Structure formats: structure tokens, C-alpha cells
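You will see chain A twice below: alongside chain B first, and alongside chain C after that.
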Partner chain A sequence: MIETNIDIVKKGLGKRYRAEKRFRIYGVCAIAASLIFLAFLFISIGTNGYTAFQQTFIRLSIYFDPEILGDTTHRESLASANFPAIVKQSLLKMFPEVQSRGEKKQLTSLISSGASYYIRDMFVEDPNLIGNTVQVWIPADDDVDMLIKGHTERGVEEAERRLNNKQLGWIEKLERDGNIEKRFNTIFFTAGDSREPELAGIWGAASGSFFTMIVTLLLSFPIGVAAAIYLEEFAKKNRWTDIIEVNINNLAAVPSIVFGLLGLAVFLNFFGMPRSAPLVGGLVMTLMTLPVIIIASRAALKSVPPSIREAALGVGASQMQMVFHHVLPLALPGMLTGAIIGMARALGETAPLLMIGMVAFIVDVPSGFTDPATALPVQIFLWADSPERGFLEKTSAAIMVLLTFLIAMNALAVILRKKFEKRW
Partner chain B sequence: MKGKKIFAGLGVAAALTFGAITFNSNAIADSARDYISVVGSSTVYPFATVVAEQFGKTAGFKTPKIESTGTGGGMKLFCSGVGVQHPDIANASRRMKKSECEMCDKNGVKDILEVKIGYDGIVLGASKKSSAMNITRKELFLALAANVPEASGAESLVPNPYKTWKDINPALPANKIEVLGPPPTSGTRDAFVELVMEKGGAEFGWIKALEKSDKKEDKDKFKSICHTIREDGAYIEAGENDNLIVQKLDANPKAFGIFGFSFLDQNGDKIQGTPVEGVVPTFEAIADGKYSVSRPLYFYVKKAHVDVIPGMKEFLKEFASEKAWGEDGYLSEKGLIPMPDDERKSFTKDVQTLKNLSCGDL
Partner chain C sequence: MIIEKERAELENKREFISKKEPLVSRENRKTVGHPIVENPRMTCRNVNVYYGDKHAIHDVTLDIGRNEVIAMIGPSGCGKSTFLRCLNRMNDTIDFCRVTGSISLDGKNIYDKDVDVVPLRAQVGMVFQKPNPFPKSIYENVAYGPKIHGLVQNRVETDEIVETSLKKAGLWEEVKDRLNQPGTSLSGGQQQRLCIARTIAVGPEVILMDEPCSALDPIATARIEDLIDELRGNFSIAIVTHSMQQASRVSQRTAYFHLGDLIEVGSTDQVFLNPLHQLTEDYVTGRFG
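And then the complex of A and B:
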């Protein structure tokens, strides 16, 4: 029998189908594996961190005793007024059996050391409280918080616990009377950093990141787009532009710590800008994101079909009119996508910030571009390195906040692309 | 047309930002800094930050900014000059080196105040699930050095042959040697090498003779014997993050971890401290010097800045107050081991009189 072409094809057909099937299975496996990793990441962060959005509070009836507070008419004397004594007094009233000095100290350690500032701020807002008794929910100490949330065991021996048997007894009494409960943790979203887990918040780091990103966006986007347009549409192709192109591609792959060192040498040492300022952080991030934006913008310009350019030039448009009236509007969605992805990378960066002093403990929330500030990923790093158990959940919660920002930015990039994208 | 407008807008934005930056940085160079800037050791960081926070909330000044740069990096920044762009205080988990003091001097930082704040114990921790194992510094040296003296007693080195603790001392369990510890960049590692490995090595007469020898090459040899940690997997570099070590110990009861006392203090329900030379690392044992593996912590103040930066004197006073570094102070709650009474008094006096540190004393 003579073997015809169709026979050869038929013989190999089964093998080819099998190969295709195998390839599809590999693909599904690859996607499944990455989804499992992603799910694992989200679940472990989520289960560790969701408890941080709640905080244990203890209800106290605070009596603003005029005798203890003394003169409260002036701002200066208010700062030194004895608010800690007021908190202590109301606690002791709840547990009249506590007498000795040591026991009193153990009792007051159930309440956050920030409680007196809390009460002070309340009083500053409403000075008429003097002489009155108010029911206030006060944040509990982080050891109590961890116990209530079940992150520390109640069953282990007394010596190994942060809270002793007496303190446990008091907490159980508070629980029976309904004077202790978990509430939504507003402190976490409104406060700056603190060394007390119950007083630490993400807002300081978030505003630091915000100021840094504003500087980065305002500088890197215009410069990046201008550079891309010139290189793509106006510059002649010669050795110089080749060298520039190679350099830009190289810069995009440079490790970020190098930009930090550059920032230290140029912005801090040469120009004498302040350490730890979002302004300098933004400048360093600009250097880092510029190559990314230039490359993305050039790709976007390249994807605009030559027919558009030729048609514009054909009806008498100048080179510049052709670019700004016809090519740029079509390329802009792609450029924006590149910019947002570059910004998202900058948002998650810590290494360059280390060199310019933004890896720091900063309590006051920054209010401008030159105030000392830190950034979200730095805050995560600092909390992860803190010994207190309470910071464990705070770390995961901060990661969730950062991820939310990143997802929002990437989603924005996708939406912009979908909305303005034109297909030919 | 739209594209042109967008582009013009972006151009204006870039120009404005550039303008703002040049204007801003000029303005900053002229005006003084109104907050204290602290740099230095990551070991002192958890204590300095507590004081800073307390100070910011009560004293009516801005909260000091504290950077965790490591002791060496902090010294470099601190010694780079006098002026508001340079930090005011450097934290250190060891004493300032003579070379650092000379560098300070060369850059015009001539008057420095040295303050010891307390002690930090270095702990060999293990999971609560394991039974405690009493260990000596000599055994630790034999377990972790890259090259150890021959078991026969000859004065020569062999690559570390010990696989289990039992190989070193028959009284110890037959568990694989597994120690999680900090990388060489860490101050905790420096202190561990100095307090455990050097002392452990010096238990061998001929190694001790090298240390005491006047010849530089002998001293170098001593250092290379005691400072080189084995790299065959028995010592696992676990990064600078002590929390990670604590979690890994909890998962692997046979492993040990090296970290600061404050982590043991905070995780007493999961981790136990291994007794070294028969002494369990407790607050009391470190405070009265019975536990041998502890180190002093310091900070250094640039005296030229004391009257320039607002709040410097008050901050020093807060740090050197009984309610901060005293026996029952809030720093002891964070795991700092207070100095004995007379030592505290002497340093409080140094702070009040702003005593000068001379490089010759180091």
C-alpha cells in the first residue's frame, strides 16, 4: 500500500492532539499553582491581621475631679495637669479591694498608658466636664487586648504569662460586668506610629506615602512622557539615541537601593535637603520610576499605527501638531497605565528610603512635604521587627492596607486602559 | 486639542514642582530644625522610641525622630559634622570605638556626652515544648565555630566535626545542632561573638595564649578562630528579624535561637531561655550580673546641639529619669535591664553636667 500524505497526517494526529492536551494541562497547573500561592498569602495575612481592626476597650466612669486637676483655665497648666491620677482613681473605685502599692500598679497596667492623653484631649475639647462624671470607653493595654482576642493563652503557668492571676481575675470581673468589649479600632486608621501596640496607627505612614507619591507623580509623569515623545517622534536615529536607549533600559533594571545611595549623595549631601522628608523620598522614587514610564510611554507611542501620522502630515499638519493632536491622545491610555504601574512599584519600595532616613520612628503625622515621614512598607517592616505580641496583627493589618492601595491603583490602570483604549 | 492641553498642564505641573523644591530646600537650609534627630542601633531603638513618645506627649515639644540605622551606620552619620542637617544623638549597642571618636573629632564634633542607659541580655532561646538544656560557653563555641580544636587535645584546628549536642558533651541530648541567629551585620551577632564565642574559645589554654599574646598575628589568629561561625547548616542566619526566630523556634522544638532579652520577655508563653553556665536568663539574673551574656547599651549626644535644637535638655532629662530607666521605670517594662543604683546616679550626674567624653578614654 502506498502511503499518501493524508496517511502520514493521520498517523501523527493522535500524538499531536496528546501534545496539545498535555500543554493545556501544564497551563492549568501553572495557573492553579500561582492561585494557590496567592490564596495562601491572602489567607495567612487575613487570618493574622483581621483582629487588628478591632481593639479591646474598658469602660470607666471618669470623674473630672477639680481638686486633682487644679487650675485648668490655662493651656499650659492643662498640659501638666494630673490626668493619670484621674484615670487611676476611677479604676480604683471599680476595685475597692485593691490597696497595696504593687497591686495598684498591676491594676493600672491593664489600661493603655495612653489613657490619660485620651482623657486630656476629651477635656480640652469640652472644659465644662469639670466636676462631672462621664462613662468613657478607654483602650486596654496590649497584653489585655491579646488575651481577649485569644492570641495569648490563659491556661499556661502564671510565671510564663504577661498577666498574673490577680490581673486575670480583674479582667474576668470586667468581662462579667460587661465593662470590657471589642470595638472597631479607629485608632489604627487615625494615629501615627507608637511603641504601644494599642495606640499605633497607620495614618502617619499612609500620609507619608501619599506626599511621596504626589512628588513622584508630578515629576516622573511629565518628564517621562516628554522624554518618550522626543525619543520616539523627534529624535534622529543615531549612535547617541542608541546609547540613551540602552541606558534607559539598563536603569529600569538597576536595584532600587542604588537609587537610594544616589539620593543620599546628591539630594542630601550636595543640595542639603532635609533627611527623612517625603520630598526627597519622592525625588528618589522619581529617578526609580522614570525609566519604567519612559519605556511604557515609548511602547504606547509605537503602537499608534503609522497611517495616523501619515494622514495628519498628508493634510498639512506640522510634526508637532501631528504628535499632539493625533498621536498623543491615542497613546495616552497606555502611558497612564505605565505610570500607574511604576507608581505602584514605588509605593511598595523600602530599600531606597533606608538611605535617606525614612526608615524611622515618627509619631507626629506629617502635614507637608518637608516634615519627617515614613512610608507604608517601612511601617510594616518596623512593626514586624517589634518584640510586642500586639504588633504581629498590626503588621498583617498594615499589609492589608498596602495591598488595598496597590489593588486600587492597578484596578485604576485597567479601567483607564479599557475606557480609552482604541483597537485597530 | 485635548492632548495639547493635557501636555501643557503637565509641563506647568513639573515646572511648579521643580520651583517648589528649589524654594523649599533653600528655606529649609536657612531655618533650624525644631525636632530632635536620633540615629543608631536597632537594639536601642525599641527603648529610645518609648522615651521619645513619652517625651512628645508630655513635654510640649515635637516628638523626636528615631532612625534605626545600626550602631556603625549611626556613628557615621553622627560624626559627619555639626549643624542641623546632622543628627543630634546616636544610639549604640556597644561603646563608641576610638576610631569613631577620632572621626567625630576630625569633622568638628568635638564635645560628646556619653550616657549608658542599661543592659541587654542575649538569650539562647528554645521552644517551651522542649526540655531545658544546661549549656556552657565552651560547648557553644564547640557547637558553632567553623574550626575547633582537635578532640585529642592537640593544639591544632579541624573543621567542626560535631553534628549533635551529644557529640560535644555526652550529658547533652542527641539532637542535631541547629541554631538560628542574626547575620554578621547585626549588633546582636557582634555581642554574641564577643561574649560567647571569644570567652568559650578562651577556655582552651593555647587559644587564650593567642589572645594574651603581644604579637598582632597571634591576636588576628585568635579572632579568626573565635569569630568564624560554621557555614555547614548548623548555624542558620535568620535575618535581623527576631520575631521570625521566635516563630521558627515555636515550630521546631529542637532548634535554638539567639536574640535580645526583650523578645524572651514578651514571648514567655512560647519560648524559654536556655541556662548558660547554669544561670537562667531572667530579669534579675541579668541585672545583678550573674547571667554572663549581657552587654551595655549607650547613647551619645552632640553637645554643640544641646542649646540649638529645642527640647534637647528636656529629652535628656526624661531619658535619665527614674521613671524611665529606674528599677520600675517604663523602660524596664519593655525589657531593658536597669543599671545598679550608683551607676544610674553617676550617669544622671553626667547628663546634668554634660560631661565631656575624651577619645583617650575609649
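And then the complex of A and C:
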């Protein structure tokens, strides 16, 4: 029998299909691997961090003793009023058996060293509390917090614990009486940084990031889009524009710490701008994000079909009318996507901020563009560096917050693109 | 049917005529026929076009008369589209394109330094090969040109110009109830008529058409051809086409281009029935092209 072409084709078919099947399996494996790593990341961060959203509180009955507080009619005297003594007094009242100086100290170390500030703030808000007794939930010290959350074991040798047997006994008594409980951690979302894990929050860093991003967005988007439009639509294609294009592409690949050094040299040392300020952070991030936005915007402009340009020019639109009436509306979704992805990258960037002093330990929540501030990723870096067990879960929780912002921004990019996309 | 009949008649006449006089030889690239007319709308003299080092159009001299349709035919890559795009300086957008010689509209050279391309393109409108309506509503598509040129001051005037333009383009009846729908939702033929409406809304003197029917089916093509015939009353039209039948149906004059040279210009009947140049005869008889 003579072998016809179709026989030869059929003979080879099996091999072809096997190759295709193999390739599909590789693809599925690749996707599965990346999904597994992603799940691993989320699970490890989630399991480490979810406890940070709860905090251990101890109930104290605070007696606002006029004798201890002294003159409370003036604001100035309030500052020096002895609130720590009030807290101490109420604690000792719960444990009358504690007498020695050393034991008293161990007892007061169970509650947060920030407790007296809470009492003071309460009192400032309502001065009529003087002479009254109030039940107040006070944040516990981070060692107690870790114990209650089960991060430190009760069973280990006393010498290897941060809390001794006596303290454990007190805690058990508090538990029995229902005077200790876990509540939603509002401090984490409203406070600035602190040396005490139980008092540390991300609001300061989040505000710093927010101000930095505002500066970055306001500067990089208009400048980037304007540069892209000029280069793509108006500039003559010659050696100069080629050189500029190559340099912009190179800038996009420059390590971010170099931009930090540039910011240090130019904005801080030459222009004398304030250290650790979101304004400078935003300027540095702008430099870093600009090439990304320019490249994305140029790609978006290039993808607008030439027939639309010809149509506009054909009815006598000027170059600028053509760009702003027809090309830009079609390119805008791509530009927005590029800008948001650039912003998301800037939000997660740490290195350049280290160079301009946004790595400082800053307790106050910044209220403006020139206040000292830090940013979310820098805060994560600082907490990850801290030895206290309490900062471990805070680090993971801060990562969760940062990731939430990033995912929200990327989702926004997708939504904006869908909304503004036009078909032609 | 009609086309076949026409072709048969053409063959008969050609056989009869072609035996009469010797044709200009293929090697001779000088333009033969009648490139110059009396009282022209546009005059092109010694036009050369270069794309970088490539010499795309060689020394073309051609007039476009008033209220006539001039067809430009020729094999692919012969430069007919390039030449057409010179007539409203569409080639300005290509950085490495250079034009020498003179192209005048009503006696004024459009390549003079002091000529602004924006009003020029309002006077010399263009319809492209592929229908390219803006991704906006039908109304906006037509109203855009008059708006940017300040030809309309208020909604009433705009409505009026949109209606008359769509009527002239023979599209009004089909779209009058859905002017707010996107122009891209129309069929190909309707889109092309929308593009013609958009062009005539600006009130040009000359309309350039670059293979306006090449992306359309025969019925849409027939409608556009009828439209071109009607528009001739008000405009001068230069049309580039691949289809010789179309050229013979819609045009009064025909220019045959070959590899960047303008070979022959004459009345359409003469060019198709009694070409003077060997290359023209080769092309119109279908020997190549």
C-alpha cells in the first residue's frame, strides 16, 4: 500500500498532541506553584498577625482622689498631677496582700505604662470625675497580652519567663474575677508608633504614607502624562528624543535607593527642606514613579489607532485638538492603570525613604506635609527590627494593612480601566 | 449584469479603436493626455514626494477641475494614495516625508510657509479607506468639525448642519432616530457615509477619497458611488480606487499612475476606451495590475 500524505499526517498527530498536553501541564504547574507560594505568604502573615487586632485589657476601678491629684482647676497643674499614683492605688486596692516595694513594682508592671495617660485624658475630658470612682478598661502590658493570647507558655521554667510565678498568680486572679479580657484593638488603628507594643499603632505611618502618596500623585501624574503627550504627539522624532527615551527607560530601572540619595542631596542638602517630611518623601517617590508613568502613558498613546488621528486631522482639527479631543480620552484608561501601578509601587517602597530620614522613631501622628513622619513599609521594617515579642504580630498586622491598600489600589486600577474603556 | 455588459461593449470599442494609432511606448514616462484644464480648483505643478531617500512621486503635473470627479487609478504602490494625501497636506504627519513643487488651491500654493494646515483641511476634506468614525455618537461625529471651526454658535445651528450633512450623505433616514448612538455601532457602509457626512459638514471645496469603498460590500459600494455622483454638484472630488469599474462609473476624468509617474490623464471614456499610452492600455485591459 502506498503511504499517502494523510497517513503521514496521522502518524505524526499523536506526537503533536502529546507535546501540546505536556505544555499545558507545565502551564498548570507554573500557575499552581505561584498560587501555592501566594497562599503560603497570606497564611503565614494572617496566622501571625490576626491576633494583633485584639488587645488584652484589665479592668480597674479608678478613684480620682482629690488628695493625690491636688489642684486640678488649671491646665498647667494637670500636667504635673500624679495620675500614675492613682492607677497604682487602684491596683493595690485589688491586691491588698501586696506590701513590699519589689512586689508593688511587679504588680504595676502588669498594666501598660501608658495607663496613666489614658486616665489623664479621661479626666481632661470630664473634670467632674474628681472624687468619683469609675470602672475603666486599661490596656495590659505586652507581656500579659502575649500570655493571654498564648504566645508565651505558662508551663516553662520561671527563669525563662518574662512574668514570674507571683505575677502569673495575680493574672489568674484577675481572670477568675473577669477583670481581664481581650477586646478589639482600637489603639493599633488610631495611635502612632511607640516603644511599648501595646501602645503602638499604624495610624502615624498610614498618615505619613497618605501624605507622601498625595504629593506623589499630584506631581507625578500631571508631569508624567504631559511629558508622555509631548514626546509621543508633538516632539519631532530625532536624535534628541531618542536620547531622552533611552534615558527615561534607564531611569525606570534605577534602584530606588539611588533616588533616595538623590533626594538627600537635592531636596535636603541643597534646598534645605525639612527632614523626615512626607513632602520630601513624595518628591523622591515622584522622581521614582515618573519614568513608570511616562512609559505606560506613551504605550497607551501609541495604542490609539492612527485612523482616529487621521479622522480628526482630516476634518481640520489642530494637533492639540486631535490629542485632547480624541487621542487622550482613548488613552486615559491605560494612563490611569500605569499611574496607579506606579503609585502602588511607590507605596510599598522603603529604601529611598531611609535616605531622607523617614525611618526615624516618630510617635506623633503627622498632620501635614512637613511634619516628621514615617511610612507603612518603613514602619514594618522598624517593627520587624524590634526585639519585643509583641511587635511580631504587629509587624504581620501592618503587612496586612499595607497589602490591603495595595490590593485596593490595584482593584481601583481595574475598575477605572473598565469604566473609561471605549470600544472603537 | 450591467458591469458585464459594459465590459463587453468596452472590449468591442477597444478592438475597434486600438488598431488605429500607435501607442506611446512603455519606456516613455512623460505624462500624456490632458493633465491641465481650464479654470481648475486645484493645480499641481512638478510635484515630487520623497519618503526619506525614496523618491515616491516623480514630477507630477495635474489639475483638478471644478465640480468634477477625478479618479486616480494604478497598480498597488504606484503612489496614487501618496499623491492624494499631498493635496491636503496629510503627509505632514510623517516626519520623513518631503514634498517639492507646488500644489495650489484657488491659486494659492498650499505648501507656502504662511499657509495654515487647519483651515486648509477644512477646505480640502478627506475620506479614508477604512471607515473611521470617532468613538462618539453619530451626532457628535458630524457636529465635531463645525464645532471646532466655530461654524455653529448654538444647538439649533448644530442640529441643522448635522441634519443637512446627513441628508446629503444619504444617511439621515437611517439614523435620524438614533443620533445619540455611537457612530461605531453602524454597519461598514453606513460608517463610511457617516465619515462623508462628517467631511461635508465642514463645507469643503474639495473632497479627497482614498479607496472609500475597498472595505465595503457591493451594495454599500453602489450607495457610495451614487452619493459621489450627487456630491459632484457642490464639490470637486478626487478619488483613489483600485477598481477600474468604479473609476469608469463615477469619474469624468481619470489619471493613471505607474510606479510614481503620472502616465496618462484624460476623460474617463478616452482613458478606458482609447488609451494613448502602452502602460495605460496594459492596465485597463487587465494585462497586469
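By definition in this document, the second predicted complex is superposed on the first by the 421 of 424 C-alpha atoms of A that agree within 3 Å, B and C clash if a C-alpha of one lies under 4 Å from a C-alpha of the other, contacts with A are read in each partner's own complex, and residues count from 1 in each chain.
Everything that follows uses one rule, which is that a residue touches a chain if its C-beta (ideal position, glycine included) is under 8 Å from a C-beta of that chain, and two chains touch if they have at least 3 such contacts.
Keep in mind the model is a prediction, meaning the values are calculated, not measured.
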item: Combined model on chain A: chain C and chain B, fit or clash; value: fit
item: Which of chain B and chain C A:Y117 touches, first, second, both or neither; value: first
item: First, second, both or neither for A:M273, with chain B first and chain C second; value: first
item: Residues of chain A touched, compared between chain B and chain C (which is higher); value: B
item: Which of chain B and chain C A:H325 touches, first, second, both or neither; value: both
item: Chain B versus chain C as contact partner of A:A253, first or second or both or neither; value: neither
item: Touched partner set for A:G314, first chain B, second chain C, both or neither; value: second
item: A:I6 touches, of chain B and chain C: first, second, both or neither?; value: neither
item: Cα-centre angle that chain B and chain C span when viewed from chain A, reported as a multiple of 10 degrees; value: 130
item: Overlay on shared chain A, then closest C-alpha pair between chain B and chain C (Å); value: 11
item: Overlap of the chain B and chain C footprints on chain A, listed as residue numbers; value: 325-326
item: Touching residues on chain A, where the partner in the complex is chain C; value: 236-237, 305, 307-318, 321, 325-326, 330, 422-424
item: Chain B partner contacts - residues on chain A that touch it in the complex; value: 79, 105, 113-114, 117, 152-153, 156, 159-162, 194-196, 215, 218-219, 221-223, 225-226, 268, 271-276, 279, 283, 324-326, 328-329, 332, 357, 359-364, 369-370, 372, 382, 384-389, 392
item: Residues of chain C defined as touching chain A within the complex; value: 88, 90, 93, 95, 118-122, 125-128, 130, 132-135, 144-145, 148-149, 184, 195, 198-199, 201-202
item: In the complex with chain A, residue positions of chain B that touch it; value: 1-4, 6-7, 10-11, 13-14, 16-18, 20-21, 24-25, 28-29, 33, 35, 37, 39, 42, 45-46, 48-50, 52-53, 56-58, 60, 62-63, 65-69, 85, 128, 240-243, 260, 262-263, 265-269, 328, 330, 334-335
